[in-house]
Each structure stands twice: as structure tokens, then as C-alpha cells.
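Have a look at the structure below, then the notes.
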Amino acid sequence: MLKNLSKSSFISFYNPQRVRNLRERIIAITLFGCGVFSILVTIGIIISLFSEAIGFFLRPEVNLITFLTGTNWRPLASQVSPENFGVRPLIRGTLMIAVISGSIALPLGLGSAIYLSEYASDRLRSILKPSLELLAGIPTVVYGYFALSFVTPILKVVLEDQLGIRVSFFNAFSAAVVVGIMIIPIVASISEDAMRAVPRSLREGAYALGATKFEVSTKVVVPAALSGIISAFIIGISRAIGETMAVTIAAGATPRMTLNPLDGIQTMTAFIVQVSFGDAPSGSINGQSIFAVGATLFMMTFVMNIISASILKRFREVYE
Amino acid sequence: MEAEKIISIDTKHYKENISRRNLAEKIFNVILLISVLFGLLMLTVLIIDIAVGGIAWVRPELFENYHSRKPENAGMKSAIAGSIIVILLTGLFSFPVGVGAAIYLEEYAPKNRLTDFINLNINNLAGVPSIVYGMLGLVVFGRMFGLFSKDSWFVNLFNIPIESGATGGWKFFLFDIPWLEIHLPFGRSMVAGALTMSLLILPIVIIASREAIRAVPPSIREGGYALGTTKWHVIGTLVLPIAFPGILTGMILSLSRAIGETAPLIIMGAFTYVPFLPKTVWDQFTVIPIQIYNWITLPQPEYRVHLAAAGILVLLVILFLMNGIAIYLRKKFEIKW
Amino acid sequence: SGSNATPAPSQPESNQSEPTEATISEPASSSELAILEGDVIVDGSSTVFPVTTAVAEEFALVAPNVRVSVGLSGTGGGFKVFCVGETDISDASRPIKDSEIEVCQSNGIEYVEFLVALDGLTVMVNPENDWLNEISAEQLAALLGASSTITKWSDLDPSYPEEEILFFIPDPDSGTRDYMTEVVEGVSGDEDLRQDENTTFSSDDNVLLDGIANEKYAFGFFGYAYYINNKDSVKAVPVVNGDGNAVLPSDETVQNGTYNPLSRPLFIYVNQNSLQTKPQVVEFVRFFFGPDGGPAIMSDVGYSMPPTGSYEANLGLLAGSIQ
Amino acid sequence: MNLTSNIQSYSINFHDDATIINANQLNIYYSGKLTVENFNLQVPKNKITALIGPSGCGKSSVIRSFNRMNDIIPGFSLEGKIIYKGKNIYSSREDPVRIRRQIGMVFQKPNPFPKSIYENVAFGARVNKYQGNLDELVESSLIQAALWDEVKDKLKESAYALSGGQQQRLCIARAIAVSPDILLMDEPASALDPVATLKIEELMWELKDKYTIVVVTHNMQQASRVSDYTAFMSLDREKIEDRIGVLVEFDETTKLFTNPKLKETEDYITGRFG
Amino acid sequence: MNLTSNIQSYSINFHDDATIINANQLNIYYSGKLTVENFNLQVPKNKITALIGPSGCGKSSVIRSFNRMNDIIPGFSLEGKIIYKGKNIYSSREDPVRIRRQIGMVFQKPNPFPKSIYENVAFGARVNKYQGNLDELVESSLIQAALWDEVKDKLKESAYALSGGQQQRLCIARAIAVSPDILLMDEPASALDPVATLKIEELMWELKDKYTIVVVTHNMQQASRVSDYTAFMSLDREKIEDRIGVLVEFDETTKLFTNPKLKETEDYITGRFG
């Protein structure tokens, strides 16, 4: 019954080795091009931001020192002078959003991550995690709208009407709350990945010594996943720093050196959007100022990304 | 002699405190549950808040009409069309490069400095704020560094046939065939918007595709090689077909991020009243989130409260659908190795 | 009649402009309109934006194949693209500035200016504000000028509450603000409006509206259109006009000029070259000033028609510039 | 009782030594699927009992039931009793956390925590609120695990800096530190090289004075070298498709290896299958 | 030659059978680290040669060198020659893709492609542009792999619907379908249950008429049951810390198991270490 497997049927099949190798080679080079493309994107970002930003700093009306140290941001004022170009109010506004949203999202995100990774059953987790991730997928315009139509009115009722604390209609806090809600899933998701990457054998080792689930989670899993968790925190914060529409809509448009989160502020991103409605063409000081701010923003997130990447890399090495 | 040094370990030293530890356990559990529920609660509140304002305004006019000065007539036909076309173009642009880069990094890249740098770079790009991509898009695609203005050295050098016009840019025709027309610079066209969005989602596409490719066990590749198969054949006939559902899932999720993005397109000038459907990809456009933002900024409460909410509902439904499809694909093609 | 701040429409600076198509000067019939095709690209002021879009909406009913897109870049932003020939029409809430004229000239762009509407700049406070019941130009200048030292209501009048004023002022790119600047400059010589920590700028009039509607001690101004749609949430302050009467903005007081000095003209600028080469632009502008255009939509969008006869003059101007 | 032809059942306490764990008619299920059926075993005190058998027959499942480690596996369930110190450890009044302190476990792959050597040994003492001198405890545990001399100068270094064999001994030290009665070891040497394996085997011999040891091993040579008693598990031949693990034979190691009662045992230990 | 005390070197062609693969002074490196040193082996044609030895001694490394499967591992490098059909397969003129078609491989874990049974078997033929009748090829390969009767009615079903043992036989069928000369098998049965293992062993016996088989196994019983020749590898005792794999002894299986020449071989096969 055995049919003969003729080896000769196989002899003729090959395209000549050279042709094949050439094809393999072309494919490899094309793919290499795709891989390197991302570097081009980064170069593109740097050129497009910095070429305009350098033009900005070369202007006689501004200088880098007062830009970085000045506390007044009035780029739209008709008299253009260095003391009107201090970016610190924008940075402070941005950081205020980042700090408040971070202090909401980090504990809640970490708590959610621990719950999902250590406590929830597989089925519950498979429902909870995507639902939570929906939060991250909702357009940020919606969050801005939500801040204005929901969070701020609540703040007004609770703080202003009940406690007599003045709450600006546009305020950093409302915007930060919704940004915080938005980044919970980012923090939760990355932390949870880090915690699930902790080998089960470590958990078993701890259980076998008579540890409770709480002790296993907090004393073994979280420390073991710590660098991943820190990196999740940094990514979440850097997301908050780059967030645009929610803060444009809800945080106000006043570049103000304040520490009161119930005041209106302006973030770097919101400033960029504000000027963009002026469609400032290349060359004008307004147009260039957004690139200077954009470059500052890029540098801030860039540094944070580098830090989180290096932490994450070290973390991965532990278990590989 | 070692044995003498042994100090007896005595069970009596252990005050296990089981009941107190179990209490801590319970409290901790509740705290964790609260933190998960907080997020979900917010999601629910948000959706209810929006649904209450908008559900009655999700009606045929919303899809059939363009924006109107009369709220009862207003719709977002052009924004829906704009979103769909921009998303399709974005997929078209980012898919080949993203998957190509993922294949390169997973299957070809040697372990060296360049590869490390590319990896770092991609992670980094994933964290760049979207508005920065908008600025990149404005300069690179929208204006093209001003290279194509009438008398730029570039235009003179290459003798580019530029036809001045009031279209937000210049165009030249390749071989006189209209569908090959390219407008330089890309200005406020859908092409410019989609290219910008492509760059924005590229790192996510790469990361997701890499995960899908990595999920194909090495044993499958070995099985392929052992039968006398070339590298590209192994990748093309074994790895990619298996990874494809995963890649597609990542692609859809990336696009669902792009469909909600507003800021980069605002920077590029897509905040425009567009009462017509685009004819070509070089037309001006607007997208759903910008239309929503536009309505939020109008004076009449019908726009601000109701139409904006209705628009948000439509956007959310699209998002849920895309997420749903992604989850479905993941489930359907999941392989138990 | 008309406020003194309204400049006469400038004459088109057409030196050559030879008609390229003979048919273009004749109004198109409805059947011709129905088959007319092409793009009309508009950009510019957010204040004029509602007028242009509303006209475009009506125009689409008679010329369904003409594609009118209207951008929103602010008056200044609009001129920046207009003066390099990227747009056919620029919406403006103030006349073109000399610096902008220069740019246009250097790029060989010629244009025609049309007065399309009047806007009553409305001074506004929170509905709970029961102390400010009228305001004079001098008070405006004192409050809003760049050199203003006023931070509390009591600084303006000791009988007012001793609370910080929160200012809500349109963005520098907007004509609304430029117009107020002119008024202030006329009184106190300040060349700019105040800019400090208590001042919120926005190109989004809703931000201003929301701010004033929600802050008891707010003060601000913006276009009549936003006020008329939100009469319940903010309180308009009557302005003492040149005759010494405190007048509230309304369709009537704006159009007949009694609401001064804060009623201002809104314009569109049309590229001369577009008028020569694009029949759809001509037809759109013609429609703008016809009975189904501006007059039909003006009250919907909350502006006032310019003084009687302006639209007829515009049509004449149009006919002149396409000869 | 549903015994099948190739499996023999044994009366309780057939051997002379005192029993410390008495597994009584265990049925083990994963997600409702029967995996080990009718398992009975009396683990003799202060002896080393080896559990051998082909892959997948349920050795790990059984040994992990002895200290309720399987509780953390979703879908696991168990019928029957495991009597330890006169009490059924599966009764609802028993707390698995306490049982696991008393019945320690060492795993196939060394799994030190990513902490210092010292902290690894001290971990169980800390969570269980050890009142004595921690340094002494760590030292004494490491001495017992025959690791002290190798690590005494680098207690603060990461446990990951140790070799695989050292890590495994560290895990044993860690388990000893909470002063358990019993040590369960699931293939403790199968990830180690021959030299490290020998060290672990020697260590087991030394530990059995103070602890009862139950060890799972794939390696029959190891079982015969190291254990006093051997339990041989296999799949139920009658229902081979269901892959149900059963205890085939339990006896003193020397007897089981030289003179097995059942043909199946003989086949396995002589390598005729498996 | 740098031979150490516990390793004996063998002259080429010490056995009577025709040699099909001749590995000559192989040194294998991973990322520059020497892993297998001075390995010499003549694989006899149409016989089954078993490769045994403790974990990590380099069995997989060696067998994977025989068809250049290691080429795809980054950091792998090799010194020495492997002569097959009179040519060194590592010479730059040889195409690894063709060599792998001629020298097939079966892996430890069954690795069918997530395709239908039919497509699994047909895969190699398709990519190699087989000119004959594909249906016949699939049928004949499955028959040789002793799987045809079990799957002939469900050729279009997913290969994953098969049991582990069936999957492994499918992988053998898949390897046979490209008509190789040699089949390399790296622990082909170690992930399978005893029954499936027996089937694979029987299959190997049947296949050796047509193919030369080299099989790595952990299981000495399996080696003694199934192979004609056995090569025993171990770690170089002199440099134990470096963990360098070496060939210790190579002989006819019966001889090696009954009468090993070296003490180390004897220790290993009697279970005294490993």
C-alpha cells in the first residue's frame, strides 16, 4: 500500500539558490528600512520642533534664561519683551495637573492592578480589565466635557456652597481629576503586566512559608515587580503631562503662577492649542513660541520616557 | 562540629496572629475592590451623564446632515466621513511600516547597539504627547518646511511644476493622471492628517505586532526550518498567518486610539466647517471629535449639551464596536499552544 | 448714521483685473447654479464664522455642488493664509491692518472688502452682580487697559464689593479684542488690554461665557451672538453712549447706531483673483448679499444687519470688481 | 470503593513507623475533572518517603495537597481527608496559612525571592511574627541547609547571585526557618546538575532526624538512593484515556525496588515503560 | 588534541556499518562560550543511534548541528567538520535550507502547525515545490508514520485536535514527507505518556529501514530498548565549572549497556549519578 516517495520529485523544485538568496536579501533590507523608520520619526520630531524653537530663541525679544526662569507668560501681549516669555507658569500648570492626577491615578491604578493580578478570578479579570481599559480609550474631548459638566459643578456644590472655598469654574483640579481617571487604566495595566510577570513560583514560595495573600501581594509580588510599577507610574505621569483636550477645555486659559488647584491655570499643551486657533504661520513669534513650548514639553516627556524605559529594561532582565 | 553551632529553632517563638492577619487580609481586599470599582464607577457615571444629554439627539439628522446653524438640523455627516477616511488611510499607512518594523525587530534584528537604540526609540515615541505629533505633522506634512513655496530653492532646483491655487497648497500632476495627483505640501488634507495619525500610532502598532509575532512559539519556526524552508518562507507562511489575528487586533486598538485623537488634528487645522463629502483624499476634512469640540464651543445649549453628547455617544459606540471586534478576533483566533 | 468707529469700506485696489470670462458678471440662473461646481475656501475670524457658515449652509441648497469650507483661525490667522493666496475669502471682525496689506501686496494678492454685519460687543457680568448697572467708556478703559491697577471691584467704586475681579477677555487673535483695544486706546491711550493672573484669554467665547456665568465677581465682554443665546446665564451691562444714554445691545440699537461705541463692523475679504477665475466664488458672494443670504440668517446667528443699503452697495462693488 | 485490577489497596498503618500524615481516600479534581483517585498513604514520621511514577500521574497534585498549596490553584478541589496531628487539614476550622508554616515545601525550580540571602531566610519568620533573635535564626537555618559556609560573607547580597544548587539549598534553609514538622519536596534536584544533586541528597539525609520528608522524584535512582519508603503512582490502566492517577504500590524502598509486588511496578522500575 | 582523563577518543569508523554522517572535531560555542568540545562521531547508516547523557551536556546542541538548525540561534558558532555525502555541510557552498530538507528533525514537544492535518504534512512539499501528487504524498507519509488509520477521516481538521502522541507522529509524518535521508529526533517521546511513547518507539524501528535515525533521549531504558548504537555524552570532569560537554563513550548499544568501557558510563547507566 505504500506509495513510493520519490526523491526525484524533489530535485527539480528549487529555484536556484542565488535567486532565492537575493529575494531573502531584498526582503531583509526592506524590513530593516521599516525598523529604522522610527528613528526617522524621532529625527523628524526633533527637527520640526527645534528648527522653529531655535528661531524663537534667536529673536532679540526673547532669551533662553528668562524663558526658563521667568514667571510671566504673556506671549500674546502686544509689547514683546523677554519678561513676557517665562514658561514657568505653563510648566507649573502642567505639573499641577500631573501631580494631582498622579496622586489619584497611582494609588487607584496600583490597587486595581493588585486586585486584577492577585485577587480577581480569571473570568472576573477578563471582564474587568477590558472595561477598565475602555476608560483609557475614551477621547479626551469627552473627558474635558465631563469635567465641565460633572466634576466642576460637584466641586462648586461641595466646596463653594458648603465650605465657602472659592472654586473657579475653570480650575486645575477638575481637569486633573478627569485626567487622573483617564490614566488609571494605563497605570493599572502596565503594573498588572509587571506583576503577572513575577513567576508563580515566587508566590508559591511565599505561600509555602505560611504567608497570607496580603503578605504575598505586598511583600513579594509588589517588591518583585517594583521597577515595572515605577515605570507604569512614570508612563502614567508622562501621559498626564502630554494630555491636551481635557485640560484645554476644563482647566482654563490663564497662565498663572499659582499653587491653588481650584484656580484656573494653563498647561503647555493648552497653550499650543490656543495659539493654533490663530493658525500662526511659521516665522511669527506666536507661531514660534508654540514650538519652543512644544520642544520643552517634548524634552520633559522624553526624559521621563528614557527613565522609565531603563527601569523597565532592568526589571525585564531579572526574569529573563 | 557544625552541628554544635545549631541553635534550636523553636516553634514557640512564632506568634502567628492568624486572626489579625486574616483581618488585614479582608480590609486589604475591600480597599482593592474599591480602587477597581472607582474606575468602573466613573466610566458608568460618564456614560450615563452623556447618554442622558445626548440619546434623544442621536437621530437620522445626525448622520444625514452637515453642521447647521439650527441645532435641530445639525448633523455631522462630513465629520463621520472624515473620521472614517482618515482612519482607513491611517491604517493603510501605518500597517505596512508597523508590521514590517515588528517583523524586523522580532525576526531579523541582530542583538546590537542599533537594535537597542531602535527599541528604546520606539518606546520613547509611544510616550511622546500626541500634540507634538500634531506639530510634527504641521511642519513636515502640512507645510513641508516651506520647501514647496513658489520661489524656494528646492522648487527652483528641481524645477517642480507648481500650480498656485487657493487649495491650501500647490499641486503637480504625475503623468497628467488625476488620481496620481499629489499636492505639495499636503496642507490640511486628509493625507496630511492620516500621515500624522500614522506616525502617532506607529509605535503602538509596532509594539502590538511584536507581541503577536512573539506569541508564535519558536517551536513553530523550528518546525518550518527543519523542513527545508527559507527564513522569509517561515515568516510568510507560518509566523505571519498565525500572528495575523493578533496583529489585526493591535491594529484595530491603535486605530481606535487614533479615532478619538483631537489635538494633533486641531494643530494641523482640521477645525473647519466642511459641509460636503470629500471627493479626494486631498480635500479638507473634519473629524468627529473635532465636531464635538466645535459644538461644545457654540453658544446655544442645544449644541453644547445635547448635540455634543449625541456626537460623543456615536463616537463611543464606534469605539466600543472597534474594541468589541478586537476582543472577538482575539478570542476567535486564540490558539492554545 | 452709523458709529464713528465703522470705517467706510475701502475700494478694491484693482489696477488691472481684466475679465477672463464674460458670463461671470451676469447673475447665474438657478439651473446654472445647480450645476455649478468648485471649491470656495474661507478662513478667518471666529466671530464671522457663524455668519459665513450659515450663508454657506443656505447656499448649498441652491448650489449643491459648490463646496464651501470655512476655517476658524482668527482674523489675524485668516489674513495670514489669505495674503499668501491660500484662501478665497477671509472672515474678519476688523478691517485689514497695514502690516497685513503689505504682506498681501508683496505676494501680489488683491482683494475686495465687504461689510457683512454689525456686532454689538456686549459687556457682561454675572447675573448675581447687582452693583454694576451701567458702564462708561472711561470705566471700561480703567478696567481693561494694560495699565489698569484695578484688581477689586472696590477699586472701581468704593461702594462695590471688596472682591477680586476675574476678567474674561477674548484672545489677541480675535477681532473682538482688537476692537475693544481701539476703544480703550481712544480713551486712555493704552495700546493693549490687561494681561495678568486674574485674566483669562480665550479664542473660545464659550470659555468666556462659562467663566462669567459661573463666577460671581467676573467681568468680561464678547460678541452679542453669544450673549443673545445665553441671556439667562449672564447679565449684559448697558453702555453709556456718546449721547450720555445707557443703552443695552439689541438688533435695533446696534443697527441704528445708538449702541456705541461698542458696535463694530464685520467683514469678509475676497481675493480678486478668485473673483476673476472662480465663478463659484462670485456666486457665493452674490448669494451672500442677496435676499436669501445674509438677511435671511442674520437674526439666527445673533448679529445685526449693517445700515440699510450696505448690501446693495456690496452687490455694486462685486459687479465692479468682476468687470 | 472503586478499585481497578492493577491497583492494590493497603490497610492503614501497614508499616511499623509512626504516621505523621494520613491521606485517606483522596480524590483530586481540576475544574471538576478527576485527576487522582482514591489515594491512601501513611507518611512515616522522620523518614524520607519518595513518590515516583510517570509524568502526569499526579505526584505533584498529591504532594501539594499535603499542605494545601493547591488551594491557590483555581479549579482545584479535593475529596477525602488528610489527617495531620489528629486533625483533618481540610476541615473548615483549619487555617491553610498555619498549616503551610508547619508543613513546608521546596519546589522543582529554585525560587528564591529577589531579595538578599538574609531576607530570603528571614522572610517566613517576619511574616509569622517570629519573636526570637532573627540573626541566630538565619544562621542556624543556613547551617542546617549546609549553606552557611558558602554564604556567610555575603548575606546581604542578592540571592540571585548564587548558583542553582545553592539557591535550592537556600530555599531549603528558608523552609526550615519557620520550623516546620514536615518538608515536602517536589523534584528538588531535577533542575540541578549532578554535583548539586548529590549535595541536596546528602542534605536530605541529614535533615530527616528533625523533619519528615516527602520527596517527589522522576529519577528512580534517586528514589532508591535517598528514601526509606517509596510510593509508586501510575495512571489507572483500566481508564487510561481519562488519565487518572492512582497509587499502585507503597513499601519500604528496598523491598519495592528489589521485590515489587506488582508487575506494573516492576515494569516501571526496570524501565520497561515510562 | 586536548583530551582530558575521563574521555576517550575513538578512531574514525570503528564500527562496521557504513557511515552517513561524520562529525569531526566539533567545537560548539554559544556567544563565544565553549559548550561542546572535540566531538567526533560516525553515525551509521540505516541504524538508530541514541545520544544519552545528563542534562546540559550538549546533546541537543550536537544533534541540532547535524542539520544546521543551530544556524538560527544567535550567538551559535561551530568549529570542525560534519561530512554528509562526502561534503562538509558547514562549507560556505552548502545551502542550509537544502540540508535541512535532506536531514529532517523531530522535536521534544510536538510542534504541529496550527493548520489542518493534511496541510501539516503537505507543508514541506509545498514550500519545496513538490511536483508529484500531493494527496498521495500525504497518505503515504501518514501511513509510514503509523497515523493514517487514526486520521484518514479527519484530514481537514486542525492538527491540534489530536492527542500529544498523535501530534508527535504527525510531526514525524511531516518530516518524512520531504523524503529526507536522516531523521534527527530530540527527545521525541519525553513529553508523551508511556503508551504514546511505546508507539513512537515502535515507529522508529519501522522507519530505520528507510532512514537513518539519531535520537536524543534522557531515558536510558528507552535508549537500550530502541537503539543500535549509543553515544554517551557528559560534562568534562576536569573543567566541571566550565560545563563543557564531551563525548565519553560510543559503542553498540548492547555493549555499552552491558559492558561499558569507562567507569563514568557505568555510573551513569546504573543510576549512580544523573
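In order of appearance the chains are A, B, C, D and E, and numbering begins at 1 in each one.
Convention: contacts are C-beta pairs under 8 Å (C-beta built on N, C-alpha and C of every residue); 3 or more make two chains touch, one makes a residue touch a chain.
Computed from a predicted structure; not experimentally measured.
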item	value
Common touching chains of chain D and chain C	A, B
Identity of the chain that, by mean CA position, is farthest from chain D	C
Interface with more contacting C-beta pairs, comparing B-D to B-E	B-E
Rotation angle (°) superposing Cα atoms of chain D on chain E, nearest 5	180
Per Cα centroids, the chain farthest from chain E	C
Length of the line joining the C-alpha centres of chain A and chain D, rounded to whole Å	48
Interchain centroid distance [CA atoms averaged], chain C/chain E, Å	85
Centre-of-Cα separation between chain C and chain A, whole angstrom	39
Shared-contact residues (touching 2 or more other chains) in chain C	71-73, 81, 204, 207
Sequence positions of chain E contacting 2 or more other chains	97-98, 101, 128, 178
Chain A residues counted as touching two or more neighbouring chains	20, 210, 212, 215, 277, 279
In the complex with chain D, residue positions of chain B that touch it	2, 5-11, 13-18, 21-22
Chain A partner contacts - residues on chain C that touch it in the complex	43, 46, 71-74, 76-78, 80-81, 84, 146, 166, 171-173, 191-192, 195, 197-204, 207, 210-211, 213-215
Chain B - residues contacting chain E, complex	110-111, 217, 219-231, 233, 237-238, 242, 335-336
Complex contacts: residues of chain E adjacent to chain D	54-56, 193-195, 197-198, 219-222, 224-225, 235, 240, 243, 270-274
In the complex, chain D residues that touch chain A	67, 69, 72, 74, 97-102, 104-105, 107, 109, 111-115, 123-124, 127-128, 160, 171, 174-175, 178
